[in-house]
Amino acid sequence: MGCAIEISEKPELNDPILIEGLPGIGFVANIAALHLINELKAKRFGAIVSASFQDFAVTTEGGGARSPLNELYYCKRNEGERDLIIWYGNTQALTTFGQYELCGKVLDIVQELGCRLVVSIGGFKKDEVRGVPVIYSAATDQETLKQVLDLGTKIMVGHVFGIAGLLVGLARLRSVRGFALLVDTVGMYPDANATRHALAALCKYLSLNIDLSKLDVTADETKKILDSFGLIRNLGEEKKKEEQQMRWFI
Amino acid sequence: MGCAIEISEKPELNDPILIEGLPGIGFVANIAALHLINELKAKRFGAIVSASFQDFAVTTEGGGARSPLNELYYCKRNEGERDLIIWYGNTQALTTFGQYELCGKVLDIVQELGCRLVVSIGGFKKDEVRGVPVIYSAATDQETLKQVLDLGTKIMVGHVFGIAGLLVGLARLRSVRGFALLVDTVGMYPDANATRHALAALCKYLSLNIDLSKLDVTADETKKILDSFGLIRNLGEEKKKEEQQMRWFI
Amino acid sequence: MGCAIEISEKPELNDPILIEGLPGIGFVANIAALHLINELKAKRFGAIVSASFQDFAVTTEGGGARSPLNELYYCKRNEGERDLIIWYGNTQALTTFGQYELCGKVLDIVQELGCRLVVSIGGFKKDEVRGVPVIYSAATDQETLKQVLDLGTKIMVGHVFGIAGLLVGLARLRSVRGFALLVDTVGMYPDANATRHALAALCKYLSLNIDLSKLDVTADETKKILDSFGLIRNLGEEKKKEEQQMRWFI
Amino acid sequence: MGCAIEISEKPELNDPILIEGLPGIGFVANIAALHLINELKAKRFGAIVSASFQDFAVTTEGGGARSPLNELYYCKRNEGERDLIIWYGNTQALTTFGQYELCGKVLDIVQELGCRLVVSIGGFKKDEVRGVPVIYSAATDQETLKQVLDLGTKIMVGHVFGIAGLLVGLARLRSVRGFALLVDTVGMYPDANATRHALAALCKYLSLNIDLSKLDVTADETKKILDSFGLIRNLGEEKKKEEQQMRWFI
């Protein structure tokens, strides 16, 4: 009852890998997922609304109304390559309970599609990031961890909050493998640079050729979407239109 | 378990339109819905109690006890005209979870009755409103938006909180069309003037002739009901009866 | 899942009346219910544990462990007289959601036993009560209200919070009749005097002869039980045993 | 939906006793349970994830990801001796609702395995503990209480918060016997000394020979696990690694 799921297609996938891409620190996962969807022309096959999302609609400049939403996309690859499932959305759940429920439902769906490996991407908040950001990693098992460390990542020590942590932790309890890539970021804005490095590592892991030249465009697109959902505070921004500044209850 | 629904009649309706009328800013939707029910002699066919409503009863001057409640009414119109379903009540749900559940249940019920268009009405809080209030609109799709802009409304940009936003957002995810009409109001009292303009726009859209001369009476009736539910603070009001001022726990 | 109900016996009852007696202001209902159970030698037939009760156990001086609990008792009366169901407990639910669920479950149970009339008792908090306390009343319908006013009660105007209000409000929505008796009380301690007057009015309504001489004993017993559950703050009390003063987590 | 339970084996047990060992004051139960599991080479047969646990993963120094989790172990003993079920975990539930649900599920599972006696262990917070700590006890019934007092415990008077209290209270409502052992502890760190005394009393009750010489090692192990879950604040500890000090959201 807490989650309404609509599956429009049940794709036949080859040993698919789930890539989580909800908004979080630095919006790294969110930009990465949108970029993969755009570049791979991934196909939407599922939508999830949770009663633990915020209860409002967001109107766009064109007058359209959008709700907080999670979506599932898939991308079939060449013969012999593992297919991808991308979990994209404009929000995480507001409550711990909702996070567990959401993550459990997504795992149910992708496991039914044969998924045995999940990847979450995230930002690791630093006060300052100079040069090439470090990527930290955590995994469900030693074999997977070794593969991820071979990408040039360092071992993560500490808490992984939110869906990114929950996904890898719950996957492990379901005997699904998984790892998290956590990249240094100042974290207050959609960080294209951090995303570029995280995505490069992920693509290396997946043997995936993705054009990263338009990543800034994707970061801007992400910023615009999340902005409308109130997820980014643009402190330096110029005065917005009167309508946008007023928060109101209908 | 969270919502108890009682459907006393399952009306046969012609391509019905749902009009949402719960209390909100300026109580515009609430007055409008009550006025439509009164003027159209709409018939009650459903009642909804949610565990996310407040847990009290309200006693009237006559000693009766009333609970927080939502109701569904229908109104059959002439041959060839679209029938109406009116969603009326003295409260919204207290929690995000409850709002989603309530809105989902109502959509379930009205979709089963063939509803493919939903309308929510609301107030758009302004510090001051002079002359004719502006009406803003948002819609699920461009075609519907165009129809609503043709009524003389402006495009809404920003968040639509509460049931009014949720209804249009969730409708879109169910491939049900919908729009929201949001009218300028100072918003602290039941605003008959704002309601008059919103209702005039709605009636134009519905090709509905409604006598608006008694709207002030409906606004007073609404004020009295909501007052008893503690939803309106009448700062300027004279000292009430001793019993009414004391809040107590039984 | 939220409520675990255990029904040990399904009594055959003659047009039974439900009397609600959970702790509240002045603990009037709680004392009244316990006194009725004691004097009528009512028989326990049901127990309800809700996940919305507090999560602790209370140990008694004898070392026993007690949980927050609600119970249902019945009392069969003489041929031709209406039987009684008494809803007793050491707590209400902690959340609005829990209150609705609890009240709904109890109504389900008693309606299945043929109950068509419910009574809630409560305290009406006053800063000072002199002489005979006033009893206010609210009812589901005019006929029932008239009967209750005939007992010498006054019309209640305002909110009836908690289970007492919810019970009468939800009863009305189920077409079950009901009324609330609300008696003036300072409300900070188990008020035997207020209970005596409320119970006298109730017994008059029920044509029930109850010995009220031991009511002070019942009030003391109630105080002791509720005290152990931390529901009464005995500001003036002497220093308690070391163990009782320490709140701790196991 | 709130609890996901995975039972890998349904052991045949002889009149088993449940021993609860979740983290609490002084981490007494948690150390005791882990020590029993280690020393008795108890076998894991169940895992429970609750949506009321925290929504994060914890990474270890080796890069592994762990989730908040509860586990069930069993230990078969010699012919004629009662077998043991040990309820171990790195967390209790975060909400009252979650605690009731978790405790109810565990009782469901162990009752199906024939369990008719439950034991919870806990710390009783004191400002100072000198010499041999006192053990307090509470029980579901007088017969069980007498057995526990015979171990040299004193009667507990007051509240038993959390799972330890809930378990004994809910057991009683299910006609399952049970008792709680609550040992004096300062409570801010995993207290090996308090655990030693509580475990000695428990082993005496169970006629169980357990080597307690390695209890300090178990306390250290417990400290390390709970530390990583943020359950212990080591105020006096030296500056940790940069990664550990930063809390961040992925």
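Labels A, B, C and D are assigned to the chains in the order they are written; within every chain, residues are numbered from 1.
Keep in mind that, in the parts below, contacts are C-beta pairs under 8 Å (C-beta built on N, C-alpha and C of every residue); 3 or more make two chains touch, one makes a residue touch a chain.
Every value quoted in this text rests on a predicted model; they were computed, and no experiment measured them.
With chains reduced to the mean position of their C-alpha atoms, the one farthest from chain C is A. Shared numbers divided by all numbers used gives the overlap of an interface; between chain A and chain B this overlap falls below half, so the copies present different residues. Chain B and chain D have Cα centroids separated by 52 Å. Taking the mean of the C-alpha atoms as each chain's centre, chain C and chain D sit 37 Å apart. Counting only residues that touch two or more partner chains, chain A has 2. Chain-to-chain contact here is organised cyclically: the chains close a single ring, every chain touching exactly two others.
By the definition of touch given earlier, these chain pairs are in contact: A-B, A-D, B-C, C-D. Chain B makes touch with chain A in their complex at residues 2, 24-25, 29, 96-97, 99-101, 104, 120-126, 136-142, 145, 149, 155-166, 168-170, 172-173, 178, 180, 182, 187.
Residues 1-2, 4, 6, 47, 49-69, 94, 230, 241, 243-244, 246-250 of chain B are the ones that touch chain C when the two sit in their complex.
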